[in-house]
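Following this line, the structures themselves.
Each of the two complexes below includes chain A, the first together with chain B, the second together with chain C.
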Partner chain A sequence: MHEQLLEIADDELILGWRNSEWTGIAPFLEEDVAFSSIAQNEIGHARALYELVADELGTTADELAFDRPPEEYRCSRLVELRLADDWGRTIARHWLYEEMDAARIEALKAADDPRIAGLAAKIDREEAYHRMHARMWHERLAAEPRYAAALDELRPLVDERDGHTPELAELWDEMTMVRRSVPGATW
Partner chain B sequence: MVFEVFRQERKGQPFQHAGSVAAPNLEFAEAYAREQYGRRGESVALWVVPRDQLLEIDDFVDELERNYHRVDGYPLKEKLKEARARAAARDR
Partner chain C sequence: MVSEAEVWEALAEIPDPEIPVISLVELGVVREVEVEGSHVRVDFTPTFLGCPALEVMRDAMDARIRDLGGEPDVRVVVDDSWSTDRITPAGREKLREAGFAPPAPREAAAPTIVQLRHGAFKCPYCGSTKTRLENIFGPTPCRSLRYCETCRQPFEQFKTI
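And now, the complex of A and B:
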């Protein structure tokens, strides 16, 4: 169970980070606010999941999120890619991810452990808006050849977890920089 | 397209203009309105209306300056104060 929860937490953390790279440069203001908020939610979900696993393992959410070497992350290749210059591919990833995530969270809601089932239900209530957002963009771009090509390109990566892209190591460097330079800092 | 958003802070209260969102259609407008005017628990309901569906009236003709139709410049406060003073003097 830990491994599965870590898989979701890592996906959410890395995707949240990637999506937040659009903050300030999204296609228009309303979308900037909406997409940044989705990114924030994903990171919030990651934290809640890390906390659950950390309780079991006797560690902390921060240690799980930032103190593991990049090769131990269980996230998929899909979420690792840096797409912040291509809105079409970003939306393709967003839609592919949300559709996959929906099934995964639905299954967790039936978990025997009430803490897991409860958290999954909570996460799902926020994800409903992510799905709504992803679907409306998906419908809007569906007829665009570039969007269709992006879906074809990214679809095989949705659950590709063997090995990582070089982009993960770069992101990990950036993500853990503060923690590595000031070990044990609290805020 | 521009959509005007009205929000209701508590049940039973009037909807008040909150602001506007630019969106390509009503579906996007709903998502953006929820995001900007609803996600912090600041509203119990929203109205999202395409701006071009609103009838705006801003020409109020008053050619003959019939200001007796208006209620401004009618100092009720002063009148009340005087009436209270008179009543107090009478009761004394």
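And now, the complex of A and C:
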């Protein structure tokens, strides 16, 4: 179960980071706000999932999020890519991810452990708004050839968890920089 | 020795860090208070998991309980027990007065874009239901943006969670 929860937490952390890269540069202001909010939610979900696993393993959420080497992350290759200059591919990823995530969160809501089931139910309530946003854009771009090509390109990456792209290592460098510079810092 | 009623009263004085017109108790995030001797346990549920006000709320509750002479043990419960349905009637009215449209009731199924686009969401300023969705997301994760066609005023609509 830990492995599966870590898989989801890693996906949410990395995608949250990637989504936040649109802050300030999205095609229009509403999407700046949307992607920033979605990023904030995803990182909140990652944190709650890491905390659940950390309790079991006797460690902390920060250690799980930032102290593992990049090769130990269990995230999908889909979330690793830096797409912040390409709106069509960003929306393709957003939609592919939200559809995949909806199915696994639905399954977790039926987990035997009430803490896992309860957290999944909470996450699902928030994700409903992400799905709404993703589906709205998916419909809007559905007839665009570039969007269709992006879906074809990215779909095979959704369940690709063996090995990582070089982009994950770059993101990891950036993401863990503060923690590596000042070990043990609290604030 | 501190009583449970005193703790509830003290917590009811803590404003929400982001929308200070409403208190934490009116927001419905305080789920349970249990006092044993000087030990005061509070279970509280975040609104959204990524809410940056979480620590601020917890620290404020800690401080109030210490002021009462209690030893605080504030636990964050991350399950589905908080819903916008838990915002009290008084809290809803305060939100509306401050220009935030209170959330619609939670239904078994998650809300859909069709509902958000066509549902009868009331303008908190003039009461008109001729309002349109501007953006699913707003200044914080818990709010959407709408626009009132009648009084031509944009407003923030609490999301139903």
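The rule is short, and it goes like this: the second predicted complex is superposed on the first by the 187 of 187 C-alpha atoms of A that agree within 3 Å, B and C clash if a C-alpha of one lies under 4 Å from a C-alpha of the other, contacts with A are read in each partner's own complex, and residues count from 1 in each chain.
We adopt the following convention: contacts are C-beta pairs under 8 Å (C-beta built on N, C-alpha and C of every residue); 3 or more make two chains touch, one makes a residue touch a chain.
Predicted model, so just to flag it, every value in this text is computed and none were measured.
Placing chain B and chain C on a common chain A by superposition gives a clash between them. In the superposition on chain A, A:44 contacts chain C only, with no contact to chain B. Between chain B and chain C, C contacts the larger number of chain A residues. Of the two partner chains placed by superposition, chain B and chain C are both touched by A:33. In the superposition on chain A, A:140 makes contact with chain B only, while chain C stays out of contact range. In the overlay built on the shared chain, the residue A:78 is in contact with neither chain B nor chain C. By the document's definition of touching, of the two partners only chain C reaches A:123; chain B does not.
In the superposed pair of complexes, A:53 makes contact with neither chain B nor chain C. Within chain A, the residues touched by chain B in the first complex and by chain C in the second are 30, 33-34, 37, 129, 132-133, 136.
For chain C in complex with chain A, the residues that touch the partner chain are 48-52, 78-83, 110-113, 116, 134-141, 145, 159, 161. Residue ranges of chain B in contact with chain A, taken from their complex: 21-24, 27-28, 31-32, 34-36, 39.
If you check the complex, the residues on chain A that touch chain C are 30, 33-34, 36-38, 40-45, 47-48, 51-52, 114-115, 118-119, 121-126, 128-129, 131-133, 135-136.
In the complex of the two chains, the chain A residues touching chain B come out as 28-31, 33-34, 37, 129, 132-133, 136, 140.
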